Every structure is written in C-alpha cells, then in structure tokens.
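Next come two complexes, and both contain chain A; in the first it sits with chain B, in the second with chain C.
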Partner chain A sequence: MKAGLILESWPLFAEGVWITVQLTVLALALGLCLAVPVAFVRLRRVRGLSALADGYVALFRGTPLLVQLYMVYFGLSQFEWLRDSWAWALLREAWWCALITFALNSGAYASEILRGALAATPAGELEAARALGLRPRQVDRLVLLPAALRRSLPQLGNEVVFMLHGSAVASVITLQDILGAGRALNARYYLAYEGLLTAAALYMLVTLVVVGVFRALERRYLRHLALAPVRVRSRLPAMR
Partner chain B sequence: MLKTTLLSLALVTGLGAQAVAQSLNICVEGAYPPFSFTTESGSVAGFDIDIANALCDQLGYDCTLVKTGWDGIIPALLERKCDAIVASMAITPERKQVVDFSMKYYNTPARFVGREGMTMDDLKDAVVGVQRGTVHHDYMRGEHPRVDIKLYGSQDEAFLDLAAGRIDAVMGESIASATGFLDTDSGEGFAFFGPPISIPKYHGIGAGIAVRQGEEDLRNAFSHAIGELRANGTYQKINQKYFDFDIFGG
Partner chain C sequence: MNELLPFLPLLLRGAAVTLALALLGLALATALGALGAVGRLSGRRLPAAAVRGYTALVRGVPDLVMVLLVYFGGQRLLNDLGALVGLDRIPLPPFWAGVLSIGFIYGAYLTETFRGAYRALPAGQADAARALGLGRGATLRLVLLPQMLRHALPGYANVWMVLVKSTAVVSVIGLGDLVGVANDVGKSQRAPFLFFGFVLLVYLGITWVSGRLFAAAERRAAR
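Then we have the complex of A and B:
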C-alpha cells in the first residue's frame, strides 16, 4: 500500500470529488424537474403525451447507464449533421454529455418513484382539499404534489445514492471524476488497487453525507410518521 | 530427513524445468491496431498477437492469450492473471521499477496527428488526446505541461474523438496512428504534424515483453527467442504482413 502516493495526489482527488458532486447534484435537480411532469402525464394518461412519457421511461430504465452514456458521447458524434448543428456546442463537451445522460436517466427513475407516490395518495386527503374549495389545479399543486414528494423522500434518497454511484461511468468519457482520479493515479504509478481504494473511500464518504442529509429531511418532513413520541424537555433542573 | 528433502528438491527442480515447457498466460490488449485489435468474431489479432504466438511456438509453451484493458494490464501481470505482457509496451525506467522487460521486439517513434495543415505552433492552444498511462501521456506531461490533455482508456477512443472534432490532436505511436486512423475512412483530412519523436526518458528503448520482477528465466527465454525469430526469418514474415519496412528499429 503506497499511502504516500495517495496523499501526494490529493489535488487530483479533490478535483474528482468536485466533478462527481457537481454532476450528481445537477443531474438530480434536472432529473426531478423532468420527473414531475412525466409522473403526472403517466398518472393522468394525457392523450398523445402518455405514449411519449411511457417510451422515455421504458428506454432509460430499460438500458444500462453506461450504454446510454456511450450512445450519447460516441454515438451521437458520428452524425455529421449533428456536429454541424447548434447542439454540438454542448455535445462536444464530455461534461455536458454526462450531465444530459445522467439527468435523463435519473428523471426516468424519479418519475416512477413519484408516480407511485402520487397514485398512493389517500383519497381522503384529496377529498378534504376539494371540500376546502380548492380548484383541481390547486389540489395538485398545494396538496397532491407536496404530499407525494414527502412520501417519496426515502426512495428519492436511494435514487440520489444510485446516481452518485452511477456517475462513476463518467470516467470512461475522459472526465476526471472520483473514479477517473483513481484510475489516473493507478495508471501513473502502475498500481493495482490504491487508486480504486481511495476512490471507494471517497464515494463512501460522499454517500454518508447524502444519507445524513436525507435523514435530516425525513425528520423534518415526515415527522408525522415518526414512531417515537416527541420528546418533552424536562422541567427538572439538570444534574450537575 | 535431509536426504528426502534433497531428493524432493531435486524432483521439484526437475519438474520445474518441465513445467516451464507447459502453459503460459499472455496478456494482450486488443484495441491498438495494427498491433493488437479485436476481430469481428471477437478474437484478437495483429502484430503483437502474431509475435506472441511465434514466441510461444519457438519456446514450446502452450500459450493462452488473455485480453486485458490497458489500464489494468500491469496489475493483471502482478496479480498473476497472466505471466507476460505482449502489448506494445515501451521499455521505460518508470515501468522497470515494477516489472522486468525482455529485449525490445520493435521500436518506432511517436508523432502528433491533427487536421491537415496543423503545425507544432498550433499546439499551445490545442486540446490533445492521449491514452491514459502510456509513454505518450508521460511525454505530454513532461514536455508540454501547459497543453490541455484529455485522457482515454484506449487509443481507438482518442481517434473517435479526434474525428468527431472534440479534440484537436492525438499524441501516439506513429504506426498505430497511421494504420489505426490515418489510413482509414475516418482519418480523411487528418495528417501527422511535427517531427517523429523518440526521447528515451519518456519513450524508452522500444517495446518489450513484460514479466514479473525476478522471473529471470522467462525474461531471458523471451529475449533469446526474439533473437531467434529475427535470425530464422519468422519475424520478417510477420513484419511483412503488416508493414512495408522493418519496424525492429536501430
């Protein structure tokens, strides 16, 4: 184990963590923005749009992320008309290819999570909202969606972790993310596992942070589901 | 007791000599035409492959070729997934710290590839692709530290991105660049620029066969066999199949 080499390469890994976190966070945010309309379209069976949404989800959940990334990065660049179009400004950059692929992938998974949560909303909640005089749009916006988002928190947390780990495929398209940094270290000094081990430790560290954040979010937004009673502060003076 | 030990030792050494003449796993890459490429049927072929097979025949080994990605090829050797690497690996001082090499089996210079009309002056604003963990990667880092480089897992991927226009140039071994890219359809409009480059500090002294450190017998056997292939004309026959000049180098 060559710990010295790992420590010496810390700027490489710091840069790697930054790229991984950046890609993951942006992809998840864009994915969620995409997931909300897709989930509603799939729930309500909107004519014309439904088939499109179904196809999108089937495509991105049905194929591996690595294959999707290869198709976007190496596949699309084979078409000359695309290289001559405005889209090439984005698609020529590995970073954008990764972000677009990850966002589309994450959007497909998140929309399924959300669709399930929307469909599982208790009828009574919606009835109560209508009884208050809310119009259908208002029911969706003020009651249905927030309630569904709350209920999907644990699963969305899972999706965040999956996306974080899935983003490791970015290293095959020249991006120096966490895994890319590990591979670069291995390649430079002909090491077998030091780079990978460091990468694994860093992924784990970021995962722990993500898990912590979602625990906090769940404590806040799913408080009504907590089993333990709310602790009451003792009136007795503290022992000294 | 001592006698039995000596006897078994003698037996083991005797058997050992025989065991050498049995099986050997050889790591090859398969994404570096014309030296090593994967055919449509999924098998590997190329100059490296032919040399590996000829060496095995010469030495009487029963060889199995193990296709391994470049990134993991030295680790694979060290972890005994294979016993030797025949993958156009340049003999460099850095690598010698981890593995031992036979004598070289060929030596060709490195060159830049870019759009026709590109010159060395354009390099400073260019994005240059190299294969990660190669002598070309070391050369770029050492001689052109200010130039923006992009790292690829294989040489083929670097050329895909050059053709797509994502990068402006590729630094690589000249023959692989010519056969693997410039002579193909996608290489149209591209050409070599700058002089052939061979700096021992980076590029080493030619491509050799890597074995684990301390495996002197195997290493010497390979070196010796390379000399014999040169002498009996087998090398030239293989050379002719791929190139119109002798790539063994001076």
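Then we have the complex of A and C:
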C-alpha cells in the first residue's frame, strides 16, 4: 500500500469529489423538476401526454444507466444534423452528456416515487383543502405536492445515494470524478488497487454525509411520525 | 437497420454472456444472502458484526468501483497467493470477476431480503413445528422456508431487476457482453445509436419478461 502517493495526490481526489458532487446534485435537482410534472401527468392520465410519460419512465427505469450514457455520448453523434445544430456545443462535451443522462434517469425514478406518494395522499386531506375554498390548482400546489414530497423523503434519500453511486459511470466517458481520479492515480503509478480503494473510501464518506443529511431532514419534516414507535431503518437503502 | 443484421449473431452471443453473468451472479448472491441472513439471525456477536460490516461496505461503494476493485485488486491477490504457493500466474477473466463482484454486491441486498422474510414469520410457526416433533432441519425445510418464499419474492424480484442492469458495468473491464459487443461494433460501423438502441431494447425485453415471470411466481406463492 503506497499511502504516500495517495496523500500526495489529494488535489486530484478533491477535484474528483467536486465533480461527483456537482454532477449528482445538479442531476438530482433537474431530475426532480422533471419528475413533478411527469408524476402529475401519470397520476391524472392526461390524454396523449400520459403514454409519453409512461414510455419515458419505462425506458429509463428498465435499462442500465451506462447504456443510457453511451446512447447520449456516443449514439447521438451518429446524426449529422445534430452535429450541425446548436445543441452540439453541449452534446460534444462529456460533462453535459453525463448531466443530461443522469437528470433524465433520476427524473424517471423520482417521478415513480412521487407518483406513489401523490396517489397515497389521504382523500380527507384534499377534501379539507377544498372545503377551505382552495381552487384545484391551489390544492395541488399548496397541499398535495408538499405533502407528497414530505412523505417521499426517505425514498428520495435512497435515490440520492443511487445517483451518487450511479454517477461513477461518468469516469468511463473520460470525466475525472472520484472514480476517475482513482483510476488516474492507478494509471500514473502502475498501481493495482490503491487509487480504487481511495475512491471506494471517498464514495463511502460522501454516502455517509448524504445519509446523515437525510436523517436530519426526516427528523425535521417527518417529525409528526417520530411520536409513533420508531421504525427500525434498514441497513441498506431499499432497492429502487 | 441493415447495418445491424450481419452482427445479430454476435450481439445475441453477447446477450447470452450478459444473461449468464446475471444468472451466475444471482446464484452467488443468493448463497451469500442466505449465509448473511443466517449470520445476522444467529444472534452471535461476531457473525452478526461481520455481516453488518459487509452490508455497510456494499452500501457505500458503487457497483463499477467494486467491479474494478475485484478485477484489478483480485488479480493482484491471486498473483501474490500464487507466488506464495509457487504456482504460475492464475488469470482472473473479466467474466468471473464480474460474477464475483455482482454476487458480492447483491448478496448484501439479499441478506436484508431474507432476513426480513424470516422475521415476517410468526414465532409460533417454529414452535408448532417443534411441538409436532420435527427436527431443526425439517422445521426449516418443511415449515419455515416455504412460508419465507412468499415474503421474500417481491424483494428478490426487485434485486434481480437491479442486478440485471448492473451487469452492464462489467463491460468496462473488457467483457464481451451485450454492452461490450455493441460498443465495439457500434463504433467500428459508425452507427453507435443503432447498436446501443438494440442494447436498450434487449434490456427492456429482459426486464419485461422477468417482471412477468416474477408476477406469476408471486401469484402462485400467495395462492
């Protein structure tokens, strides 16, 4: 074990953590923005749009993230009209391809989580909102969505961990994220596992931080559940 | 589409590698999951702590990192062990590195699935079996396992779905699975969209078919 080399390379790993965090946070934020309308469309069965939303979710939840990334990064370059368009300025950059893919992927999973939470909202809550004189739009915006977001907090926490881990495939398309930094260290000094072990430890560290943040969020926003007997949390994030 | 047809046999062979990897990975994961669940449920401190460490490790590390660690680190380990006993270099092929890492990762998830299924059984079931004079093995085989099956199936199906998609990352260490083949051919034929599109369809097909199978199995177990 060459601990000296790892310590010497801390700027490499710091940069890697920054890229991983950046990609994960942006992808999750964009994904959530996408997930809200998709979840509503699928809940309300809007004609025409629903089929599109169903197809989107099925495609992104039914296929590997790595292949989705290859599709965007390598696949789209097959089309000349796309290479000539303005969008090429973004799509030829590995960073943007990764962000777009991750956001679409995360949006599909988050919309499924949200849809479940929206559908599980007690009817009485909505009746009460209507009885107070709120218009349908206001019920959605002020009651239904906040309640559903709050209830899906634990599952969204899992989604964050999965996106964080999934983002490691970005290193395959040349990005220097945490794993990219580890592989760069290995390649530079002909090491077998030192860089990879460091990367693994860093991913664990970031995961612990995410889990801690979501515990705190749950304590804050699901405080009304704390009075009930505390449910033993699973050691692993539930599989998505 | 015409570019794809000549490569169809190659792609299908890749799909077979993907399926073999997924099934062997699932077999190993099932064995590790059973072992882990027994360790957690045994009530002994050391096995329970070891299993807790195992699941915590898997929870923190991405699948791609695990695959690379097993492949490169495992090869180094094999070399060192081989040198110790005076053997020549034992190669660790990407396929087996993939099976090992996939099995290792999803064994941790199945540990939780099996543990949950066991704890879902009323304690009276085991007591009743004992009262009927069944031994420990017979109790497990005839009374507990059949009932656990019903509780474990939904979680097991879920793990399988995620596991199948996880096999794609093994292509990164040079495995000629569906993704690896499509990557090579798609680039040489300058039609990556077409070939990766095919890959997406195959994965959708696998998840759709296995979703159907598991739904039928769940109906059967719950009848």
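In this section, the second predicted complex is superposed on the first by the 226 of 240 C-alpha atoms of A that agree within 3 Å, B and C clash if a C-alpha of one lies under 4 Å from a C-alpha of the other, contacts with A are read in each partner's own complex, and residues count from 1 in each chain.
Here, a contact is a pair of C-beta atoms (placed from the backbone, for glycine too) under 8 Å apart; a residue touches a chain by one contact, two chains touch by 3 or more.
All values derive from a computational prediction rather than experimental measurement.
Enquirer: Could you look at A:L197 and tell me whether it touches chain B, chain C, both or neither (first, second, both, neither)?
Expert: Touch partner of A:L197: chain C, not chain B.
Enquirer: Of the partners chain B and chain C, which touch A:V213 in the superposed model: first, second, both, neither?
Expert: Once the two structures are laid over each other on A, A:V213 reaches no partner at all.
Enquirer: Which chain, chain B or chain C, ends up touching more residues of chain A in the combined arrangement?
Expert: C
Enquirer: State whether A:R183 touches chain B only (first), chain C only (second), both chains, or neither.
Expert: Both: A:R183 reaches chain B and chain C.
Enquirer: Is A:V172 touching anything from chain B or chain C once the two structures are fitted on A? First, second, both or neither.
Expert: Both partners, chain B and chain C.
Enquirer: I'd like to know which partner A:A119 touches here: chain B for first, chain C for second, both or neither.
Expert: The answer is neither, since A:A119 touches no partner chain.
Enquirer: By the touch definition at the top of the document, which applies to A:Q78: first (chain B), second (chain C), both, or neither?
Expert: Touch status of A:Q78: both partners.
Enquirer: Given the touch rule stated above, what does A:A87 touch, chain B (first), chain C (second), both, or neither?
Expert: neither
Enquirer: Could you tell me if A:T63 is touching chain B, chain C, both of them or neither one (first, second, both, neither)?
Expert: The second partner, chain C, only.
Enquirer: State which residues of chain A lie in both footprints, the one left by chain B and the one left by chain C.
Expert: Of chain A, residues 74, 77-78, 172, 183, 186, 192-193 contact chain B in one complex and chain C in the other.
Enquirer: Touching chain B in the complex: which residues of chain A?
Expert: Per the stated touch rule, the residues are 74, 77-78, 83, 88, 92-94, 172, 174, 176, 180, 183-184, 186-188, 190-193.
Enquirer: Using the touch definition up top, name the residues of chain B that touch chain A in the complex.
Expert: Its residues touching chain A are 71, 74-75, 78-79, 94-95, 98-99, 129, 132-133, 137, 150-153, 157, 160-161, 164-166.
Enquirer: Which bits of chain C are touching chain A when the two form their complex?
Expert: 52, 55-66, 68-69, 72-73, 75-76, 108-109, 112, 155, 158-159, 161-162, 165-169, 171-172, 179, 183, 186-187, 190-194, 196-197, 199-200, 203-204, 207-208
Enquirer: Considering only the defined contacts, which chain A positions touch chain C in the complex?
Expert: For chain A paired with chain C, touching residues are 58-59, 62-68, 70-71, 74-79, 161, 164-169, 171-172, 179, 182-183, 186, 192-193, 196-197, 199-200, 203-204, 207-208, 234-237, 239-240.
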